[in-house]
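Next up: the structures, one after another.
What follows is chain A paired twice: with chain B in the first complex and chain C in the second.
And now, the complex of A and B:
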């Protein structure tokens, strides 16, 4: 197990992190910002892989939420309907019993207290919850009373329930405490007496029965069910929304005879509410039934399922990201290795090309030396002839003349070899002060003879006051050799090659190598600095000269640009720092 | 007019003179030109009285192949040996195409030159 962790980290950690800076080699890398490649790779893969997952998850959540919402609404409506039926039935049943009692017994029997007590006993047995019964005349005087309290003779004329009950055939009051301090409801039934006036039978119901009926519909700890009056005052106690007779802080929904279900927020909690007036054709009650459910509580099952789902999704996301990182590391590693191999090859090529340019120099030197050697050869040969063909031992003056001629030719050879040595020596030295004028004439000296017989007009223009460059002389030398060789290959007889140097500012110089040769076709201009691009069809070129020249200039902290018109000529413009930056050369 | 065995065309005066002297020592007649133009003038004047021409490629005024072409126009029968210090492979092929007799790198071996001359003379005598 312990072994897996470092192995895993190794697989996920891209190799470019271990890249050791090598100034010479780094110039040959195609890509410079591998970190960016790696990160962008991970990003693109992650977006591609994770967006559908996120979209699906989001859609799934929305779908679940919608269906759960509609399910909750439906269940709340069902519950509200059921409770509404129960409460309505509770009221109707008692009202019908009273109506029956009035019609069955008539005023005379009802005002008989004994009879009334019997009726109360029967009602208690049949329905329960009836506390007392009384008969009132049209003036609100209590004519008869049966029940535990001695309320006989009381006048209710000024009570609001009395005023309302004389207006209608029957009446159900709000819950109130009245004289007794116990919550109750009054139900009255109006009936005509034989003399044409009316009387009222009043029953008091304790609300305990009603509350029991209501609470039997409560489902779970998150549901609340209670009655409110038209003003929103609680008529039965609630669990979360206030005590009895206190106003609810709920934003009260519009009264409706139909069961209405909607979603609202109470104290920041999302609630599903079902409500309906308790109202039938025959019965009017002041009550609104409220069924309230805390959504979160009801959604608990879905929430649990969702968090389980989210955990699975999170785990998948982590696995996907790990796999993506693996993939990106793998791809960037492949790229990095290929690039590294290319850079290493190019480094070797650079050395090969250096040898090749020395080879070219050697050819130039051989040309230069061949002529004096031919003179030496013929002069020495003639001297030998003098001894072989005729005895010339006495003619010393003529011999000395020939010996001088030989010495003169040897001197010429010596000058050339010294030039070569001085030139080659610079390949070893790294950073030193370089006189550009001197370096250019050294490079050109190897082409002097060629320029002469091909009638190429070579001019060098460098201002008298020109800074000494502090740079890698061997690299600068190789750059010049490469570009001058190229120019000589491009020009025809009678063309010209101009080398112009100028100081741009204190830290920068510009060197332009311009020839009036064949020029470079536009389509090739972009490709000339690419490795192995060559137009020399006879395979005499490696296609590396310019690409290496470009890299060398980069290493010296400079840059190169080329302008060329086919058939008119080519200009290579090199910008170089006067002093190479510290640490540019490893 | 006198018959000339060898015409040397070379801008390296010391080399040309020394070679001329050695040829003379071996009993052959010679002439020397130091540039292409005078060489062509000389050949025009002595068109059928030259046995062999030694021609350098790098001349100050005309390139050797150009001189060779003109010589062949004047008299295609004159054998021309190209004698060069730094002729390239391309030069050699060009010269062979233009009808050069031999292509020799400097320095030349005098005895070899004399053998060639003798051979040419024998041939023309036949």
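And now, the complex of A and C:
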């Protein structure tokens, strides 16, 4: 198990992180910013893989939320409607019973206490919840009473419920405690007496029964059902929104006789509320039914499912990102390895090419040496002839002339070998002061004879005041050898090769190698610095010369551009710093 | 037997001519292609020994110009360049040119000349 972790990290961690800076080799890398490639690879793959997932998740959540919301609203409305029916029915039933009682018995019978007690007993049996009954005359005097309290003879004229009940046929009061100290509701029915005045039958309803009815509609711990009056005072106890007779802190919804469902926030908790005024056709009640559900509580199931879903999604995202990183690392590694192998090969090719260009020069040099050798051979041969064919030993002047001629030829050979040695010596890689004029003529010296034979006009133009370059002379030399060799291959008899140098500014020089040779076709111009691009169909070229030359110039901190017109000529323009930057050397 | 020696290396041809003279061979020298043509117009030579690499007219070009002047003129090429085999391969004509590399042995050169003339 412990072994897996480093293996895993190795698979994720791209190899380019271990890249050791090697200035000479780095110039041959096709891609320089592997970190960028890696990151972009991960990014593109991640966007491609994850965006559909995110979209789907988002849509899913939205759909669920919408459907859950509407489901919740619907259920709340249903519950409110059901509770409303029950409360309405509760009130209606009792009011109807009272109306029936009044109409059936009339004033005379009702004021008979025994009869009233009998009626109360029957009402309790039939409906329950009726605590007591009393008959009041128009002045508020209690004419008859049946019930557990001793309230006979009391006058209610100044009670607000009495004032309201004489105005209407039916009346239902708010919940109040009154004389008894127990919450109750008063229901009254007004009826005419035979003498033209009226009396009132009052029943007191026990709220216990109403509360029971309400609580039977409660579903779960997150729902609350209660009644409030028009002022927002609780008429029945609530679980979360205050005790009985205290004001609710809810923002009171607009009164409506239709069941209304909306969402609100209470103490930072999102709740769904259903509410409706309790209306009876015969009478207006002061009650508003409130059904409140904590959304979070109701949504618990969905919330749980969502968090589970989110955990699965998160895990998938992590896995996808790991896989993507792995894929990106894998691909970038392949690319990096290929690039590295290419850079290493190019590095070797650079050395091979250096040797090849020297070999090319050596062939020319051998020819150069063969000529004076031939002179020495024939002169020495002739001197020998002088001795063997005729005795001309006395003619010392002539002999000395021949010996001088031999020495002369030996000198020529010596000059050539010294040139070659001087040239080869430049191979050590180090920064030194380079006289460009000298270096150019050194390179050209190997082509002097060829230029002569082919009648190629070679000119070098360097200003008298020209800075000594502080650069890697071996590289500069190879650049010049490559470009001059190229030019000599491009030119024909009678063409010219011009090398012009000038100082651009204090730290920049420009070197133009211009030939009036065959030129480079436009379609090849972009490809000439690519490795292995060659137009030499006889396979004499490796296609690496210019590619390596470009890299070498880059290593010297310079740049090269080429202008060419087919059949007119080619100009290679090199911009080089006078002083190479520190660290640009292996 | 009359030989024409053409080479821009003046001391080389001069010495060669002198040594041939000692061996009883009459040899004229020319330092350039133009000079060679002038001499060939006046004199009939049996064999022309030409240096391949010369400024101006090269040895190969010179052969093209000299051949029409004398139908029987034979050619020997001399070169400081080592790659003789290659040049021989390139010449696919019925009559193969003879190449000798520098520095050369005079006895070998004379033998070659004599062989050429005899072959005829």
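The criterion applied here is as follows: the second predicted complex is superposed on the first by the 565 of 586 C-alpha atoms of A that agree within 3 Å, B and C clash if a C-alpha of one lies under 4 Å from a C-alpha of the other, contacts with A are read in each partner's own complex, and residues count from 1 in each chain.
As a convention for this text, contacts are C-beta pairs under 8 Å (C-beta built on N, C-alpha and C of every residue); 3 or more make two chains touch, one makes a residue touch a chain.
Predicted model, so just to flag it, every value in this text is computed and none were measured.
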item	value
When chain B and chain C are modelled together on chain A, clash or fit	clash
Partner chain(s) touched by A:71 [first = chain B, second = chain C, both, neither]	neither
Chain B versus chain C as contact partner of A:452, first or second or both or neither	both
Touching both chain C and chain B, counted on chain A across the two superposed complexes	363, 366-367, 370-371, 373-375, 377-379, 381-382, 385, 389, 405, 409, 449, 452-453
Chain C-facing residues of chain A, complex	363, 366-371, 373-379, 381-382, 385, 389-390, 405, 409, 449, 452-453, 455
Touch list for chain B against partner chain A, complex	12, 14-15, 18-19, 21-22, 25-26, 57-60, 63, 85-86, 105-107, 110
Touching residues on chain A, where the partner in the complex is chain B	363, 366-367, 370-371, 373-375, 377-379, 381-382, 385-386, 389, 405, 409, 449, 452-454, 493
Partner chain A, residues of chain C touching it in the complex	9, 11-12, 15-16, 18-19, 22-23, 53-56, 58, 79-83, 101-104, 106
